[in-house]
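Read through the structures below before going on.
Next come two complexes built around subunit A: one with subunit B, the other with subunit C.
On to the complex of A and B.
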């Protein structure tokens, strides 16, 4: 005898209800497909030209020579993440060895070091004031450490636990102040937290798998951010309502990095499918792909130069490729790291960019000075 | 889980998807030609202030190599 709930309904009304539910489901699925087609149609109508075609009249870029100016050594294992301080000289980095280090990139001195209770610290960020850093990873948390001027003070003692996810922390970023942090997680969600109280202010649901990266829109553009995930989607979110306002699904694999174009009207993404792509938010579509047949390894991180003309991509084949954003061509390839490039950020004043690698080091590169 | 409960949660999921798609389908869009020229204009306006694009004189480069001191 089958359990009661598995037997066919004895009462005719219940049978009708089941049929009705199934019809509603089918109806919703059809509407879903219709809307998806309409979305593609509307996007296609405005696709009158390619970005690189419009950019044909723009002057080409010359040869680039960028040199490693500083090498930061000290981590005992893979460097996973880094961030610049607004003072344009300090850097925070985090590693698989569980350590978070604050460096003075001009002198290469280590100013602070924290040992986290977990290994694989996948995310770290500098507070806008320069007075604190946030980090987290396999501990599923994001913690904030105020930076003390007293070198002897134990930073771990003042640690504040802010975010709690149900899976690893993949990325974190302070918003415009030291008071709020945005996080993304392997649990498929992003969340906004109040640093002081640790309270969850807003959560963002919509990714179908791990969220790997996020970036906040430039402050002038308003309260939005973009996230990328293992579901191959890049989602743009309204921070106040928690609503996903735009979604892009053209990558063929995990999106490891997303970064806004400096005007806030577009964003770039880097993926395991070995391409970087540019999505324009007002045209609501992908407008450029940065790829070459010879590039077959995934992109771990991307960032723009100050004007948005150059896109830097750190790759799993240990190189950095520099792309002309408008023309879609590669302008330079940079070597130096002895393992995957895992993280890449341009400095706040645009004079240099820093890369972190699985080779345990960070490198700061700047263009060769003009005489 | 009863098949009725399964259907209900699938329906809730499907409703959310439809709602999300409705929002996305109805946003205002501009032509790629207009979006592209705006991106180009931004690059052009800010190019001269982009150190990685233009280079900087050695005296202003914060990351220039430290020259070794000679002891006389």
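On to the complex of A and C.
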């Protein structure tokens, strides 16, 4: 028998419903927390050894002497992003003033230059064929520019607008062909686009804040990618379904860069919390932290050497730290830039790596001599 | 750091006619930091930290005020007053900057540098509505300044100038206060997680718990194995033969490893043996694999795999036609290059092809890849085709350039073949190959043979 109230009968029902909803919400929250700890438990059960223990029998690395072999000057403002061409010598770079330049880093010649209609071009990528470049930034778009052998041709005329986000474009990458582009944005999503039609093929939702970086898996199936965001999470996505299949939340601040280990079974991340971390995808956990008390400035970008033994990190204190991935120690600290290092990529054949900086220059470095 | 006993030793320094108190040298700062950090091998870390202190404005250079680095020598610096520290968290407003510039203008006309003059003109236009207020403030500050004793005034002027150097750096001066565009979403804002979000999260956690995981010893062991396998191929760990182009300015290494060389290098051939993925990713390796498959009359698996890749990574508009061609060539009953996959996968694939999408061939492609990986690949490595190429492969002698030769190399660096040209050549070759190996219509061939009888 329902108690009598001095109000219309609808209100007690709604009140009960709301109470029910709140209870269910609280119930779900508790369930969520329980499941989260269960997952941690499951992960911990399989954690039978540390990386540096497994690495004990591996030979230590000798002294490294790395030299800047090329300094590319030509940008009039902060260099924000760069990417290598598959020919191992050409690169594309983008800067704050809207300029996108294609260089032959080997000869240091500028081969193409495009001026974007926006500033802060935070993302650029070279197409696998070497025939086009993609870039974007504060214009919220990703545009593809086919390159030409004719130096006098105006590349902007053939520009193709592909991706459209609702906020700034933070990173972009071609997939295994020139026909598809993967993008990440400040609007918290990633997306896969068909270049020819500009059609959205798949969108990826799950980050709670700006997504800052992404990297495609090198594995034989080539169907996954990892993204890092301001919500301190690194998520692994299935490109086919749009689902997040794995998630890691151990960083203490924005994740600025993610890069797969060459075998595709792990990935590294660099964050504003001044650490780089290694995550093992098969064990589903973080397996190494690359940090030092004396390093207090954020990491802007990371990349592995060809064998995966070395991890290069570009930092906001203008330096590059080189880490021994297996033993967890720093093997070298490199200088040269006069402002923060904003982007870092190892060349496709692993013979050198290039860094771009807010000091307007790009530097290509290689090993000087092996001791 | 500023402690008179345990901090950095400072001294008085004469600047023009005034004596500036408590001046420190760069090398003293760096030595003090290095000592505190207890970094001996990496004394360079102290240099870096010193640079950051200057770049953020905690310490400022006395003489060359535009050079925001810590020099490890007798260059003079001073500690910035805490009032001007970036940690004070008040933003350096344009109106403050305008007051500062106006004040300097009052003191002595024409004292502003060109970049400052440009800022001043811009601010005069932009803040015109406030200009009376700005001039009034500037005059007040100027008068108050005159009241101070000369040494204090000079010190304050230095501090203020250093502050604005950090917050409004001229071109080619790199200040650490420079920052990028703001983030859209503030991740630290407490968000109310909705009912739906919780449900999704819980499903995710459940799936994550269910997913098979591998023991750390196994997966980490695999990472270590990978490093060991590729160690000699990593240019940062082992020498590049004949030489690293970036070191010697000779592009011989790239020329020897081009897409369509007749004879590949020994290192390249070795790399093909590491995994089927490596063999197929290197198109030259894939060519060699195709030669082997042709001899075994089992090229259809690889051809199907290649076609499936084309479908997956191709344009959205071409998918339907590609799917039809693939069906006719590889999957239809009696197809000319019929692939032998299990009935269930075949059934699923054929059904999926009724409404083709990008990943419709995924199951079949994986099946075929695994077949090749577990069987064909290993037979290839033991085959005469592979052993033959291993024998023929080049082992270039390491370069030994004299300094004069190195100089010569640097002078004669060429642009190589442009990727666009290589791409065009590659497309031509692909078209030729496709025409040559057009699917053999077995039925037609059979009936032709019958008629001949």
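Everything that follows uses one rule, which is that the second predicted complex is superposed on the first by the 353 of 371 C-alpha atoms of A that agree within 3 Å, B and C clash if a C-alpha of one lies under 4 Å from a C-alpha of the other, contacts with A are read in each partner's own complex, and residues count from 1 in each chain.
Operating definition for what follows: a contact is a pair of C-beta atoms (placed from the backbone, for glycine too) under 8 Å apart; a residue touches a chain by one contact, two chains touch by 3 or more.
These figures come from a predicted structure and were not determined experimentally.
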Fit or clash between subunit C and subunit B when superposed on subunit A: clash
When the two structures are overlaid on chain A, which partner does A:70 contact: first (subunit B), second (subunit C), both, or neither? both
Touch test for A:149: subunit B only (first), subunit C only (second), both, or neither? second
Looking at the overlay, does A:42 come into contact with subunit B only (first), subunit C only (second), both, or neither? both
On the superposed three-chain arrangement, identify whether subunit B or subunit C touches more subunit A residues. C
Tell me which partner A:161 touches in the superposition: subunit B (first), subunit C (second), both or neither. neither
Which holds for A:115: it touches subunit B only (first), subunit C only (second), both, or neither? neither
Once chain A of both complexes is superposed, is A:199 in touch with subunit B (first), subunit C (second), both, or neither? second
Stretch of subunit C hitting subunit B after superposition, from 1-9, 217-225 or 379-387, is 217-225
With the touch criterion stated at the top, can you tell me which subunit A residues are shared between the subunit B interface and the subunit C interface? 21, 24-25, 28-29, 31-32, 35-36, 38-39, 42-43, 46-51, 54-55, 58, 61, 69-70, 88-89, 106, 244-247, 261-263, 265-266, 280, 282-285, 287, 305-310, 325-326, 349-352, 364, 366-368, 370
Counting only contacts in the complex, subunit B reaches subunit A at residues 2-4, 7-8, 10-11, 14-15, 17-18, 20-25, 27, 29-40, 42-47, 49-53, 55-58, 61-65
Would you mind writing out the residues of subunit A in touch with subunit B in their complex? 5-6, 17-18, 21-22, 24-25, 28-29, 31-32, 35-36, 38-39, 42-43, 46-51, 54-55, 58, 61, 66, 69-70, 88-89, 105-106, 206, 243-247, 261-263, 265-266, 280, 282-285, 287, 305-310, 325-326, 346, 349-353, 364, 366-371
Considering the complex alone, what residue numbers of subunit C touch subunit A? 37, 39, 42, 44-45, 47-49, 51-52, 55, 69, 174, 176, 178, 180-181, 183-187, 191, 193, 195, 198-199, 201-202, 204-209, 211, 213-224, 226-231, 233-240, 244-247, 251, 253-254, 257, 276-277, 309, 312-317, 358-359, 362, 366, 369, 413-416, 418-423
Listed in rising order, the residues of subunit A that touch subunit C in the complex are 21, 24-25, 28-29, 31-32, 35-36, 38-39, 42-43, 46-51, 54-55, 58, 61, 64, 69-70, 78, 85-90, 104, 106-107, 109, 120, 122, 129-131, 138, 147-149, 167-168, 175-177, 179-180, 186-188, 194-197, 199, 201, 208-210, 219-221, 223, 229-232, 240, 244-247, 254, 261-263, 265-266, 280, 282-285, 287, 294-295, 297, 305-310, 316-319, 325-326, 330, 333, 335, 338-340, 349-352, 358-359, 364, 366-368, 370
